[in-house]
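Dropping the structures in below, format is structure tokens.
Both of the next two complexes hold subunit A, though its partner changes from subunit B to subunit C.
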Partner chain A sequence: MSINYIPRRFTVVRDKELCINCGCCVRQCSNECHYYADDGKTALVNSNACVACHRCVDMCPTGALRIEKYVCDYRENANWTPQYQQEICRQAATGGVLLSGMGTPKPYPVYWDKILLNASQVTNPSIDPLREPMEIRTILGRKPEKITVEKKGKSTVEMPPQVILETPIMFSAMSFGSISLNAQKSLAMAAKNLGTLFNTGEGGLHPDLKDYTDCAIVQVASGRFGVHKEYLQNSRFIEIKIGQGAKPGIGGHLPGEKVNVEVSNARMIPEGSDAISPAPHHDIYSIEDLRQLIWSLKQATHNEKPVSVKIAAVHNVAAIVSGCARAGADIIAIDGFRGGTGAAPTRIRDNVGIPIELALAAADQRLRDEGIRSSISLVAAGSFRCSADIVKAIALGADACYCASAPLIAMGCHMCQTCNTGKCNWGIATQRPELVKRLNPDIMHERVENLINAWNHEIKEIMGGMGINSVDSLRGNRLMLRGIGLTEKELEILGIKHAGE
Partner chain B sequence: MKRVYAKEELCLNCRLCEVYCKTAHSQSKDIIKANKYEDPEPVSRVTVCGDKMLSAAVNCRHCDNPKCVEACITGAMQKDKKTGIVRVDEEKCIGCMTCLAVCPFGCIKTGKFAVKCDLCCTEDEPACVKNCPNRALVYADFGGKG
Partner chain C sequence: MSITAGLRRYEDVNEEINRRLKSDDKTAVREVNGQRYLGCGLDSGKSLDIYGTAGNDLACYLNGGRVTVYGSAQDAVGNTMGGGEIIIHGHSGDALGYGMRDGKIFVRDNVCCRGGIHMKEFRQMKPVLVIGENAGAFLGEYMAGGTIVLLGLNMKHGEKLFGPHCASGMHGGKIFVRGAFPKANLAQNISVCELEPEDEKELSAYVKAYCRYFGADYAEIMSKPFKKLVPATSRPYANLYTPNL
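Showing the complex of A and B:
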């Protein structure tokens, strides 16, 4: 070892009594931790490269493997923690920016865990979702400011395009390139069967997904990869990506080695070239510029597609959301700082942006105060871990929620946070054919559907308990929420009362 | 008849089909005993060929006109008229391995006598199909006389 040595994170433990030396682990670990002894039979392991993705653990037919945390103690120091020392060591050796995948693992407050939900007792009846109709259908799009009706009762208002979802849950943007085609296809299949939408991210639409265009959100990001007229037209709605919760203010960089023929075709860039998304859109420097782009996209699609603007949750989020609404956005997606990513500079991921709970509450309140809340739809994003998080987000003012990490976990992801290495053992964040084939869309779309169906049931059950039979009555209904262990200021921003009040 | 078909585009080269075939054809039917302690060592009827880039589980096609049956010198190798399954009668097999020499797919294995896939006769789904983690094996009837 040398001065560059960083103690490994995990130890792979093989129970010799259980191991039958079948070699499955040897053939499955893309980090090549497992290998054979010279006899070609006995499985050995070197844990140094283990990222705790659990592929070998899950595949071992006898349950012989276990991953343990490896502890190499440093002298205790609450300031210079081992992690900071190791990161310095890594940078001292390479001179490079630290990169990570997935959302921030830092212990910032999760406000969902400090908000409690209400239920009916005595004074108003709760509803049994198994016996009575319970509506979770969600409609996104700009709503007319007022309704005018002709004598016979027919509306004379021309309705802007609307998007009907059978659940308030959509799949957030994950581009082909950052995730595999099989992963994207699984999401597309699930979206179609669930009556919701998936999002192409900024990677263009692969021809294999042409059957799923009616459940696709197509993104227009700063790199404008794969954007052409048919791409825009083959969609349910168009999303202008301004920012991403995991890396606000930062562009994207898909390294050339991940740009294979397929990725290059979908993105319309040469094979092997780095796909660089600039930090800003070079034609958007103001709300007026944004208005122009929204207008152009609507023109290109004959005003048939709603246009969404996705921004990262940052300090002035409420004012920015208001500006986007006035620039003509029909849908505004706010991505909180715990949101996931294929690759982000670690320092940005862990330090920039604000929690979605506060951003959502502030934006919803601002739009209400300005009297324009009902004209647009708000979509919240940035780490929804369960159905209760979704219910709380809707009660804080979201029309719908974007989920990405949860469906990825349903497809096998174990949050090893090394998406950026392109060696995803579960075939998700990789373009290597031998790994991509591990994700069979026929299996995975079923698992994603099961997950969302389970969440739908739970949402109905929670709503029923509150005595609410429609998601429309839950939306922005902050009386259903109470804070626990929050300061006056936090309660004020969230617009909720403390438990007991 | 229903046969086992391999989908090479989904095969992971994990070779769990071999482990479970071996277990299904062991005395104990216990995965640890079968793969570690049993003597004689059980034999997997299915063989995964290839490497991590391209692999497929090769198993007996239960041919319509099986060469192994034709070649068998004792009549031990028979194709069941009802089920279409090609099986070795262990009482009759003398271990001459003529069948091994003629099978065009290399699906006869050597044990004490000729060993081959019996489609896990008693089960409704063969062990390899049931335990393939990526649905790279399907048990289906895509035609053929049987």
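Showing the complex of A and C:
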């Protein structure tokens, strides 16, 4: 083996006192860190390929395994950090573009952690969500500019198609191909039981999910994989994918290795062929062109489906959102730069785009200033780690939130950030049959449901504390937010006051 | 009885077409002035004749139906079509047959930029695009399957068979070109080959259909030699990335 100039990342420590050589770890590790000695009985470990996914640790029946960070000091250098040196070595060896999985791990500011929520005291009583009605039902879709009623009080306005969700939380786009069919099915089952939606991503809809089309958001991306008339008509709403927070301005590229027979069926491409979604839609070069695609989708579905446009949070996000709204989008999803991905060029993921908090606040404000905020629905995406993040997003102006990483963690993901290798030991970001079968949708949908139900309770609890009994009264209610340790400019963009004001 | 489009909005015209095609299998629209989405998602067994200039996204998501235009068409004809046939007695704008997965498009004259991009095939589905004259830039960009036939008829002196960046990123399918073509306009990693006997057979069927639709002379078209353009590799970007573990 040639020298690769890079020390390993982790050490797998096996406690010989506890290890019973049962071989569970040997069978579990797709990175082949664990193996049997020549005697065929003694389990040994080679930590070089360990990604710290914890599969062996969690599965070990005697708790004999532990993952440690491998400490190998470089001469201290705040500029040439080990990370940059190692990345250079990788590129020197291959000449390739660096590719990473999941959202950026860089320590950019997380504004959710710098925003505090309000609660009622004395003057406006808080509400007990356990005993009083608390509404978190969320309705997405274009709303008419004004309501007209006939004499008896019945509305005479023809209502555009609406989508009713029982929670403001939806599952973000993850294609079959980037994740396994079992993972996607778990999300579909959970969405159905929770009264919310999952999103097929740009990978088409697998025939096994045909029972879940009434809770499916189907994506139309630049590669148009799996897009046909029936796919569009069998959906709750259609989403045009313009961009993704983890890789704004970049397309998708599912390598041929991951296009097995099942993935090929859903995407409607030959087995083993690369699925390339380029950065732009070649029929969209302007807001007017976007309008053309939006209305073509509406025509293809007899105006029965709302059409969403998903964009990455970039510098001019507010103006772009305004353009999308005027192009006829019923729902606009903004994906912040901390959002996850199955694979993105590292440099793009870690350097392009802006945080969802600022993008959302700016877009909401712009739409309000232009008097069109109430006509469309805004969906925020890009890393929601807990229910409080979601409450803050709604108060900043979101109608609903897209979550993906959190439900994946509920299914076993440990954020090892190597989704792109296709060797996911948890059966999520892989197409290898022996790994996919580790994820049982019948069990995993319950874990995802538990998570969202727990968050729903917490959202109600937080709203109750504010004295608010409907999520509609929370939406865009920035008076419920205060900044902590933020500059004047940050407060101005977020449209909130500082704590104490 | 045919439908008159005139200056009516496309929603109106399309609604009338859909209503008509609920009971009839065939209808015609006259005096078309760029109305969009005509024949959108038309199902198998239905056919639509269009007189005038068809607007953008003609026959998008076509679902097995047949659309004939007696005139020219604007951009994005047959956008993401899944089957059927489009016959244009004129020329076509940009992004013709974007992402088409099955069916056939015949254009009598020329097409603008980005014709046949993202064409892809799947099992028995094989999209076919036949262009009578020449094509603009980026013909067959990202093409992943199916067949494009470029006949180069009626070319004036100095005109080129296709514009720059032809077959850029192509990783499947084939392009048949007739006569001389500008090699400098061809993307890297594209091989120029002679036709195999099965290619000859396939090409002959498409040219015959072209001649049948537009009254061209089969013998004259076939008298000039054809070449086949195919990707040198089906994985042009296989070594682009390095896992950053």
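As a convention for this text, the second predicted complex is superposed on the first by the 498 of 501 C-alpha atoms of A that agree within 3 Å, B and C clash if a C-alpha of one lies under 4 Å from a C-alpha of the other, contacts with A are read in each partner's own complex, and residues count from 1 in each chain.
The criterion applied here is as follows: a contact is a pair of C-beta atoms (placed from the backbone, for glycine too) under 8 Å apart; a residue touches a chain by one contact, two chains touch by 3 or more.
Quick caveat: nothing in here was measured; it's all calculated off a predicted structure.
Once subunit A is used to superpose the two complexes, subunit B occupies space next to subunit C without a clash. Contact with subunit C, but none with subunit B, is seen for A:274 once the two complexes are overlaid on the shared chain.
In the superposed pair of complexes, A:465 makes contact with neither subunit B nor subunit C.
Of the two partner chains, subunit B is the only one touched by A:440; subunit C is not.
Annotation for subunit A, partner touching more residues between subunit B and subunit C: C.
With both structures placed on the common chain, the touch criterion links A:91 to subunit C but leaves subunit B unconnected. In the superposition on chain A, contact of A:296 is made with subunit C only, not with subunit B.
For the combined arrangement built by superposing the two complexes, subunit A sits at the apex of an angle of 110 degrees to subunit B and subunit C, based on C-alpha centres and given in steps of 10. When the two complexes are overlaid on their common chain A, residue A:82 makes contact with neither subunit B nor subunit C. By the touch criterion stated above, A:100 is placed in contact with subunit C alone, subunit B being left untouched. Of all Cα pairs spanning subunit B and subunit C in the superposition, the closest are 25 Å apart. Shared contact residues of subunit A with subunit B and subunit C: none.
Contact residues of subunit C toward subunit A in the complex are 14, 18, 36-37, 40-41, 43, 56-57, 60-61, 63, 75-76, 79-80, 82, 94-95, 98-99, 101, 114, 117-118, 120-122, 125, 141-142, 144-145, 169, 171-172, 234-245. Note for the complex: subunit A touches subunit C at residues 9, 51, 87, 90-91, 93-100, 220, 222-224, 227-229, 232, 253, 255-256, 264, 268-270, 273-274, 276, 278, 282-283, 292, 295-296, 299-300, 302, 343, 345-346, 418, 420-421. Considering their complex, residues 9-16, 18-20, 31-32, 35-36, 52-53, 131, 133-136 of subunit B touch subunit A. Remark: subunit A residues 18, 20-24, 27-28, 59, 61-62, 433-434, 437-438, 440, 442-443 touch subunit B in the complex.
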